[in-house]
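The structures come next, written out as structure tokens.
In what follows, subunit A forms one complex with subunit B and a second complex with subunit C.
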Partner chain A sequence: MSASTMCTTALSFTRTNGLCLGNYALSLLSRTATYSTALSTNNGKGFPNRPIRGPRRPKRESGAPRTEKMLENQDWTAVYPSAAPFKPSAVPLPVRMGYPVNRGVPAEKKGNLELMKIPNFLHLTPAAIQKHCDALKPFCTEWPASLDSDAACEEHFPIQLESKEFVSAGSSLRNPKTRVVTLKVKLSSLNLDEHARKKMVKLVDDRYCKETDTLTIVTESCPLRQQNYDYAMYLLTVLYHESWKTEVWEAEKTRADMEEYHWEDSRSQKNVLDTLRRMRVTSEGEEDPGAVREELLGQPEVQEYRESVTRLKNEGETEETMLQYREAVKKLLNV
Partner chain B sequence: MAAPIVIVRNVGAVARTVFRTSRALHKVDICGTYDRQAISSQSWRLQTPATFHTASVFRSAPAITVIDEPDTLYQKVEVLVKGHDKTVLDSYEFFATLAAKELGIGLGKVYEPPKHIEKLTVLKSVHIFKKHRVQYEMRTHYRCIELSRVTGSTVQVYLEYIQRNLPEGVAMEVTKTAIEKVPEHIQKPMWDDAPKEEQASQSGEK
Partner chain C sequence: MTLHRLSLRLRQAVSQARHLHSSRSGQQLEALAVEPELPKELSFFRTRESDPACHADVHMGQYYTLSPVHLRTIFPHGLPSRFQLQMKTFNETCVMVRQPALELISHLKKADYSKPAVRYMFYGVNGCGKTLSLCHALHYCHTQGWLVLHIPDAHLWVKNCKELLPSSFCPSRFDQPIEASQWLRNFKITNEPVLSKLKTTQRYVWTKRESTEEGRTLAELVEQGMSRVRTSSDVVGALLKELRLQAGKPMEGREEGLRLAVAVDGVNALWGRTSLKKEDKSVVAPEELTLIHNLRKMMKNDWCGGAVISSLSQTGSLFKPKDVFLPQELLGEDGFDDMDPFVPVPVSNYSEKESESCYLYYMDRNWLQHPHSRTEEGKKELLFLSNRNPNVLERLCASH
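Coming up: the complex of A and B.
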């Protein structure tokens, strides 16, 4: 009677909870109903013994932790062969982690969630790393001994290709920056003559850096990295061959298009020749203008003046260049 | 035992990729004594984390064969790891540098770029109370390991090893700088050999 009433109450309880137990549960309940009266209200652990509602197996007692059986010279790579969460019973260290509550000490390792949350490197001890590397060594190859410096690499392998790879956790494995390819090459390592070099620099515009003499081509228009690499090499090839060509309209290159300053056929030359001619004409009579010109240009003072003006225009105004120009002008005008 | 398990894992991964040597300009490949079907079933088994049966999977150690293909050369490989916890990155740096030394890879700079803090300010309450807000910040710590002058095979091995042991919550960015010779078609201008060829139309230079 009591068992049946208990069963009905238990059933009603479970029904309100939304569970549906069945015959097995009923038999258990009938058994537990007889147990509940014999048990004391408190067991040794300090938890009150509640009547068991539902299929519960008696809890097994855990044995001694593994750490007590560990020797000092054991093989740790056998305890943690791969990445595993922190097991307090398997790690023989007296580790504590946590905020010291009530001016106490950090919590012990047993049941410590903070220790379990943080990624541990117990599987990557130096001994384990050495073992792994010994196994991986046969798959590695040696770097050629003759390429021992950056200069040697630059000399024999002038083209540099940069690309990126990414490893991260997320909803997608893809990273759009993976397909970008950057090609860097020094123009001095390519077979270019003067005209080809100037034309190449004009063709690439911003992609050429004058200080380091490096051409940088960045390709990211294709969806795959291999395609972008092929496109970059194609661009380099085309630039190279196009710069060797001389088009018909290149003959119309004006003074404004020139990269460097040339003193020949410039206003400075004309002015100098006029000045010197007038200085001469005061002393001598009429002469053949062509011969006079050649003679004037051949003078060392004029040559020096030419050097100073070219240097001033190409390198910019520094104290050195200005002084050189001053000296040249003084010598030219006999001042 | 730990070591055989590790060999099995790595070779299983390696069987899917191709290795090269530069010594005699040859490629190194893995060729075991098992057939292709066995590879696919074994590689599936190797991917499940907790079931390692070492002796039963491989009958003998896989042999390394050399293939004719020149190895790529990398002047610099930069490995940048990012994470929210500095101590985890410290441990990872120790692991990566030790692994590089063991594999005989020359290390360049190993340094710590300054951390980046992203802050945001949100309203504390669901409705009104504009004057009361709460601020959160996300700190990203970085660590950069530069390898100098490595071959393609070695880089593949090292990166695979490093990436497989990347801890949770850490991301990695690898920048590789490969070096190459000037290709044959750029050695000399083609106009010397074929002057009669029609000059090609403008290509996509810009």
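Coming up: the complex of A and C.
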């Protein structure tokens, strides 16, 4: 009897306050009503009663979230002027994030820890970046009009220097990584002849990339960036001048040191000449060896064979190059 | 479809078939009386043409049978081990006629033997049929009366050698008596009739008491090597030298002269690394072995009147990764320079027709036990799993 009256009063109370209690809360309310009729204070939220210690602070009702007051054409840079954590009440997007439990959907954004943990770039929208650029523009100079393409930049500024700046708020403003200087230059923009180019590539070894024809020098041995820059420029100068010089011991370069395969004076050429000479021995008698050699080398089959062997050795071995070699040998040996 | 055709033809050609399938024997007996003449082709996958000289493009993809006599003479040591097991199981030796071997045989037929020897090299992925193509070509050479010098696997000479004797002829080299004498024994079986007609051209002194005079037959030389095992490696060297000198020269009983076929399987062993060690644990280089040294001299094209047929092999090779098969990778720089110029002959996996033929052959031999493998689905599965690679297909069929 008392329980039912409690229920009805509770119901009327909640309705007047504009709150909506779920069934669960109602059942809880009725349960509490059956257990503790003595302490029949309810706090409107339907939670079990707790003994109150200390002065009671009424909990503030939170107002409507900011998203409801946002217009489409608002200034977003005012909402997120700088890097800030994700605020679900300030971001008007129906974003969901999380694992869908019990074949449900990902959790909503309200109170979503996952969304708050991850870094967001809501402060770097194109509008915000445009504002940054506009603010920096008075401090910049005009881009030169004649440097309108990459090729023009390459031509006038062949050496590219890279270094990093670090900004952080800490006990010290200095960062040891700022001293690293990277110097990139294309060898085609340097004035090198064949010998100098090959020597340069051999001197720098790994620092040269064949695909992009770029020499990269990274200096970090000195403590200051200025010193590292000077050192990089010095290295470039020294490499350039050294590769133009020809030392006495460079004459001892062997076939194994060569970068590319040359068919002239190779085992392959010798083998072919021997074979062809032996094939002709049956027909001719005495002949001047030099003339015979020239004649043999001038034949089109020999030229084709030479092409195929050079391609095989330089480009590496594949099915295609092997088949080309096969055709050339068949023609050469009249098979 | 093809299976229906197959059963039809089998019924017609039953009089020639050596094995009657019990399920069909009733119908076949009545067809016997109707059979007017023997068809040329036994069935889709077999051919009765057992002379390699007569094999042509029309026989491609079909199996031809080697007679036991030929088998014992020509291949005492040449065929791959798995193939030998198959021979014993099926009680017959059937080799498929394929394009690389046919190409080589046509080159051998057209070649001019007054010119220096041409070197041919079979190459291809593991298990695609290089060794069997080599054997097919050798069968042709033997039936034409050539002298066949077949080294079945050069890799066997550079690894697992029980005895390494320092050579008496050259102190820095090593002899391998067991390998040499075994090879001489097999060589004699293959070439007995020809060897008795050839004579030595110089005197060879083996030890203080033993020597072979000039003018003795090469058969005697081989006997000497087989009986005196210590000097067998040097005998091999002398034999190779003699054959090199006499190839192409006129011979009794043959008006075009002696033809020499040098066949080396696993030729990349000659320029690779060995797994043999000297007493001081340093590695033996291949050129320090007498057999390898002499064989390398044979591979040059400074002699006329024959051909050098070789095949590469990664399977037995030492210190080579599993997926290499192209000539330069397996031979190395030295090997390529030594063999250059050679004619590379690519051997590929089975084509559609060849794989069809192989499957029908296994079906015919009752080799496929699993009921699913006898269906069309099963056939497609087998061909897909093996990627039409002959070796893999054979292993798959053996386990199903």
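Here is the rule we go by: the second predicted complex is superposed on the first by the 194 of 335 C-alpha atoms of A that agree within 3 Å, B and C clash if a C-alpha of one lies under 4 Å from a C-alpha of the other, contacts with A are read in each partner's own complex, and residues count from 1 in each chain.
FYI, a residue touches a chain if its C-beta (ideal position, glycine included) is under 8 Å from a C-beta of that chain, and two chains touch if they have at least 3 such contacts.
No experiment lies behind these values; they were computed from the predicted model shown.
Of the two partner chains, subunit B is the only one that A:K245 touches; subunit C does not reach it. Between subunit B and subunit C, the partner in contact with more residues of subunit A is B.
Legend: residue contacts after superposition of the two complexes on their common chain; A:M97 is shown touching neither subunit B nor subunit C. Once the two complexes are laid over each other on the shared chain, residue contacts for A:L332 go to subunit C alone; subunit B is not touched.
Of the two partner chains, subunit B is the only one touched by A:S82; subunit C is not.
Looking at the shared chain after the overlay, A:Y305 reaches subunit C, while subunit B stays out of its contact range. By the touch criterion defined above, A:M279 reaches subunit C but does not reach subunit B.
Across the two superposed structures, the residue set of subunit A contacted by subunit B and also by subunit C is empty. The touching residues of subunit C, when paired with subunit A in their complex, are 107, 110-112, 114-116, 118, 123, 301-302, 304, 326-329, 337, 340-346. Interface residues of subunit A, counted against subunit B in their complex, comprise 75, 77-78, 81-83, 118-119, 121, 124, 126, 128-144, 147-148, 150, 153, 156-169, 185, 189-191, 196, 203-205, 233, 235-242, 244-245. On subunit A, the positions that touch subunit C within their shared complex are 266-268, 271-272, 274-275, 278-279, 282, 305, 309, 312, 317-319, 322-323, 325-326, 329-330, 332-335. Within the complex formed with subunit A, the residues of subunit B that make contact are 1-3, 5-7, 10, 14, 19-23, 28, 49, 64, 71, 73, 75, 85, 88, 91-92, 95, 98-99, 102-104, 106, 149-154, 157-159, 161, 163, 165-183, 185-191, 199, 203-206.
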